[in-house]
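Order of writing sets the chain letters: A, B, C, D and E. Residues in each chain are counted from 1.
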Amino acid sequence: RGGDGAAPAQDESGTKVDFGVTREPCPDTGHPDRGCIYLGTISDLTEGPFKALATSIVESQKAFWKRVNDQGGIGGYDIDMTTHVADNKYNPQIHNQVYQEMKGDVLALTQTLGSPTTAAILPDLESTQMVSVPASWTSLWGFEEVVLESGANYCVESMNAVDFAADDLGAKSVMAVHFQGDYGDDAAAGAKLAAEGRGLTFSSTVTQTGQDNQGGAIDAIVSAKPDVVVLTVGPTDAAVIVGQTAARGFTGKFIGTSPTWNQGLLASPAASAIKALYYQSAPWKPWGTDSPGHEAMRAALSGVTPNDGYTSGWVWAYPLKAALEKAAENKDLTRAGVLNAVRQLESVDYEGMLPEGAGRFSGTPDESLVRQSLIYRPQEGEPTGVGLVKDFFTGPTAEGFRFEKPCYT
Amino acid sequence: MSEFLQSLVRGLGTGSVYALLALGFVIIHKSTRVISFAQPAFMLAGAVLVAHLSPGVGFFLAVPVAALVIAALALGVERTVLRPMIGKPVFVVAIITIGVDVVVRVVTNAFIGLDVLPVGDPWGLTTVSLLGVEVQQRYLVMLATTVAVVVALFAFFRFSRTGLAMRAVAHDQEVALAQGIRVGSVFALSWALAGGLAALAGVFVATGAGVDQQLWVVALKALPAVILGGLDSLGGAVAGGLAVGVVESLVGTYQGDVAPWLGPNFALVAPYALMLVVLLVRPHGLFGAKEVERL
Amino acid sequence: MLEANNLEVVYDDVVLVLRGVSLKVPEGRVVALLGANGAGKTTLLRALSGLLGVHEGKVTRGRVTLDGEPIHRASPSRIAALGVKQALEGRRVLAQLTVEENLRVGGHTAPRAVKRNLERMYELFPRLRERRGQSAGYLSGGEQQMLSIGRALMSEPRYLLLDEPSLGLAPLVVQQIRDLVVKINADGTTVLLVEQNATMALSIADHGYVLETGKVVMDSPAVALLADEDVREFYLGLGGEGAARSFRDVKHYKRRKRWLS
Amino acid sequence: MNPTANPAADPTANPAANPVLEFEDVTLAFAGVTAIDGVSFHVDPGELFAIIGPNGAGKTSIFNVLSGVYRPRSGSVRFEGRELLGVRPHRIAALGIARTFQNVELFAHLNVVENLMLGRHHHMRCGALAAFAWLGPARREELANRAAVEEVVDFLELAPWRRMPVGLLPYGVRKRVELGRALAMEPKVLLLDEPVAGMNAEETEDMARFVLDVREELGIAIVLVEHDMGLVMDLADRVLVLDFGRPIRTGTPAEVQRDPDVVRAYLGEARDHQGTGGAA
Amino acid sequence: MRGRPELYTSYAQDTAFLNTRPKRAWTGALVAFALLVPFLVTDDLLVLLATGFVAAIGAIGLNIVTGYAGQVSLGHAFFLAIGAYTGAALSGDPDGRVIGFGVTSLPVWLLASGLVAGLAGLLVAPLAVRLRGLYLAIVTLGLVFLGEHVFREWTSLTGGPGIGRPAAVPELLGVRLDRPSAWFTGPQQLYLLMFVLLVVFGVLARNLVRSRIGRAFAAVRDRDLAAAVIGVDPTRYKVLAFAISSFYAGVAGSLLFAVNGFFDPGSFGLLLSVQYIAMVLIGGAGTISGAIMGALFITLLPRVTRELPEVLPFISADATGAVTVFQVEAVLYGLLIVVFLIVEPRGLVGIWARVRNYWRTWPFSY
């Protein structure tokens, strides 16, 4: 055989469909009168470094799409995202393999986790017009038509963090301590742009995941003594870095990019240092916020231990929902139709979870870029361990930034 | 100078954890000639177990309990999976231990949950001043524990028949059997010991921040340590472990100034570079026994 | 009495090596077991000492008994503890261990007597005393053979199964081994002696068996075997008339006679 | 075997004048042991020279020096006038010294033919690229050498076991395969280390026959180490007796046998060594 | 000669590549079947099989040094990486983000990848020949870690970890094989390409191992001291085995990611090396066909374990619960390897030998 099968067809209401859309109802949504749209999920679910985050994203999106179905589905269809879930072990090759396996059976991807992994399927996503939702905030996604990004990317988030450091913490020197790869490099690039723009001394150090691998970063921080360190690492690594530098007498501040935080840090040996030195930047508000979206999420996920992985998964799903709705409206639920719908999205209704105007996928990357982020501090008693310091703001650097290419390459 | 001393002490601290891990590898190798790649999983399991136990029973009870439980787990693995492989090619057995590692680790991961898990140790990041050098308490504890464990092991191997029996089993199982040595018991003992040591090491690694899924990676540092020391030498394992810790720490402190062209984080692979250099000169590590061969 | 009854042994589930072998080793005696290479002598010893498992071998029929108790299902360590000990064929020294450590390993089941027995072995084999601290792997072939025998004696077994002890030993030492067997037998150890050097074996044995391709083809008192035509010809290397032949004379004719083929 | 390849048949060689092998005042020591202590001897072309002595006297060590495995502390070893000390083992093999080993050293996972083919390794030239392609020269070379090996198989009556991995062969056959491998090398000197140890009378006779055939049909000089005095006394032209690494006597079998030192150190009293099969 | 097909009348027949009639028949049938496969199964499976064929080339290489020459190397990932980066750099876009020379012709970069990796093997070999057993294994593993460090830092070549770069461009005679053409889909073309390459490299390796060189490898493996004394230079052949094995690794490395089109330095860790060792051992060390079977087994196993939970009723297909289907998959993967090796330590080849022996002697045991 070869090839993926599915030829374009029309359903009874005249909507065009091809891949991943069936007239038969979804296996377990309980609406026998509706057809089914299948969405794929490729995530890091067993051995990889992001397992903890990934599981909550998946669970949250399950709840998200269930809510969509409960509210009547989209264009006479229910959404199924449980049939095609695959584990990529954070390995590009496995990612590609499981993608190949599911690609003929899904209309779009509601999650493709990781940058090198997603990069491994990107040419295929483009050529098959498979709209997909990343589980990351890389500035690169702003330039990929098929990839639906939400909120401020790492680059912008760090720009705002540095601006905050300069304006509110009076910092004169900044150091970026980061993982290599899209996550850390993107954030470090933003921090650098902002530091240079604001005339701060800037330095940067790369580090790797693993508790006993932070020695280099710690040595670098302790010897350079920057006023503020912008951290883009994992939670345990952050605990080691903040804890050990403090133990060695470092008194500067840390601002962590969103994936750096985990409320478990408040119970770690580094807790006191973290409470004293640590700030947390974020693209959107945490679990416990009052907004229609947050409330809906908490209702849909009642019973889970609060964690902002859930929040992220939930927010990320909105643009895909909007695109599907638009496509249904256009009576074209083919892949091409969905991509076309994305091109028509002037804004996405995030139910208050992101500021007005976010999700303008019709514009150029510079136009659609979300430039607002927030700053939090660790605070015991809050559901995810952080309390607000500075509400959505756009720092001067991000404000004037011309977004013409990804921040890192 | 104090920078140097601090770096050295930190190196010795982490090095003692590597030494504990390396001892596990060496003990298993001594009796089976196999490198057990299941050690990382046992280490992770030990740390996770302590994290779950210590809120209930307290850290100091949780540690021995966890070490025993993991020893029992290792024993079970040996009994079911390794026992049938007695006398089979060592590399096949090594691959089997990798399979075991995957299984144990995946199962353990399920108990880590979404948040970083603290192990509940009393030391935190408190430092004490020792001869003018600021040292974290936990490093001192690690070092002391390692010394105690090593002394106990040495005594055990020196004064019991078992040490010799282990070596006999390792070199020729048929000969050992013919001398009335219970090969199975020797295997079981070495796996249990190694499992317990791994659990202990896991707890120590996790004292600084907490347990996460990637904790097991630390166990790989024991590999250059055992090779450096010599695969069949307990003393070598300790020396190798400490050397790896110290080299890592000192390179981390000074390489940025001395040899920046090696790239950031060269410290993390420095033990491997050291291992390559040492083995060029001594093909059996610093204290390993030469292969005895003649025509 | 150590006894094999109608024993059948299979290797790897396919290679049938012993086909119904029966043999008796009465307490206090020396029994010799002769047979060509590959006849199954070593296999029989393994069956007696429980070491078949290491070689993927199994007793598929028949049984081995020690004083009437079946032991063919027992573990080698248990059989060794009961006092049946095999000195392995072919100098299986533990090369990495020193000479003395090798001997100590041999005394594993008699830890209290190790010191005394070490002294005894060094007296028997002075060569080993000289080499006591050396890695056994560097010993000469004959020295390794001595070590292998010494190691078996270290635990003072009740039944000693010796597999080709004279292999590669100098004539003088072969005499010593012969005397040694006589002596330990006199001291109460029962010996089952597998030998290619049939002259030596039969000269000290009470009884002898001849094994050919997995079957016992002769089972008689040693004196009777010594007198047997075929044994004289094939195992003792004596011509029909009883005179020693020169190798230079035999070289141009070939004989291929077997009892059973 | 291939008679034209037989070096001893080379008319330009002058057997009477030049010994093939000269061992001169060699001393070899290991930590604590002097394994060879000032030993000298020479072997003439076509001669069967035996070395005997108690266990640990240094016989195998002499072989190891000859084949380049051990490097003596002092002395000189010459083969056809050429100094061997410092030459690496595989070069020495290529020069024409082949040997068998006390503990059979065959390549256990290879079959008989492959083991013998390895004996011909240095007669073959094909490199990696030719081997990959298996065309022309590589293939021709393989077949030609294969023919030579089959002659050895015939000569030593190994045909029934040709395709068997040697690890599964009976001990006696393995010893014979080892001899075959040495012969396949087409050596000028053959070193045999205890070729009949562990064999019964009949197998010993077979081996003796092969050794004599090798000598008579191929004219190769042979150095024999053996504890079976029947064999040594019967076959050897001259015998060297060692004790503790030192030579105590060289002479014809008859002379050696009567020497009281030899009897005391090695043979033992009160035994008739003539004609007893087996190892005594 | 009818009725006695196994009787050889010349050494040439005896040493021939496929020396018995059943072997010829089986091989023919297998090749014919393999050529039909692209028209029978879906693209995702073809991609997987193509990857498996490439892995088989790499496994054959590892088998040469490990199975034949007895030098257990855990450094295969390092040589695979060198091949992968050589191929990718040579065929890469000259104006791209990372180093590229625009030489897209497959034969050119394929050969170059092999040669560069082979050269690296040659450089490492002097260290390797001094070591044995586990020492060698772990020292070569050290190579992998050092290599990872270099690849992480050399971002202009590798794109950096977590970012990566495009892989080698499989272009043959001006045709991009990874893109659909008039007659075939991309995966079909890649499948056929990899299959042909596997056959070529498999036959070459087979030739090598039955030559004097292959025998010398085996001699060095079984007993290197004795090998030297009969005229085989152990050092030379250990070095040669390393170089050839690395050449194969280089070739496989350059192709491995051409199927995906993209890779990052994180792909070349301990895990990859271990997978290759597993391929060799599971297939059966010291046989070419074993390496191929082992490579296919390891490549296809995850796919099988992904399918398994669906047919095992007691496992819920839940992605997030306490016991997720993915944990079950991962555990199954580990367990299958363990159980397989316990049951048959000689690998797939051992199973084959058993089956054959069984039928040969059937219905008689013994």
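Everything that follows uses one rule, which is that a residue touches a chain if its C-beta (ideal position, glycine included) is under 8 Å from a C-beta of that chain, and two chains touch if they have at least 3 such contacts.
Quantities reported herein were computed from a predicted structural model and do not represent experimental measurements.
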Set of chains whose contacts include both subunit B and subunit A: E
Reaching subunit D from subunit A through chains that touch each other, fewest steps: 2
Distance in touch steps, counted as few as possible, from subunit C out to subunit D: 1
Identity of the chain that, by mean CA position, is farthest from subunit D: A
Innermost chain by mean C-alpha position: E
Most remote chain, CA-based centroid, reference being subunit C: A
Centre-of-Cα separation between subunit D and subunit B, whole angstrom: 49
Intercentroid distance (Cα basis), subunit E paired with subunit D, Å: 42
Averaged-CA centre spacing for the pair subunit E and subunit B, given as whole angstrom: 32
Two or more partner chains touched - positions in subunit D: 60, 69, 101-103, 105
Touching two or more other chains - residue numbers and ranges from subunit E: 152, 225-226, 229, 324, 327, 330
Where subunit A touches two or more other chains, by residue: 46-47, 55
Touching residues on subunit B, where the partner in the complex is subunit D: 294-295
Subunit B contact footprint on subunit D (complex, rising order): 60, 63-64, 69, 101-103, 105
Residue ranges of subunit A in contact with subunit B within the complex: 46-47, 49, 51-53, 55-56, 205-213, 215-216, 219-220, 234-237, 239-240, 243-244, 246-249, 262-265, 267-270, 273, 305, 307, 309
In the complex with subunit B, residue positions of subunit E that touch it: 72, 127, 130-135, 137-139, 141-143, 145-146, 148-150, 152-153, 225-226, 229, 270, 274, 277-278, 281-282, 285, 322-324, 327, 330-331, 333-338, 341-342, 345
Complex contacts: residues of subunit E adjacent to subunit D: 11-12, 14-15, 17, 204, 207-208, 211-216, 218-219, 221-223, 225-234, 240, 244, 286
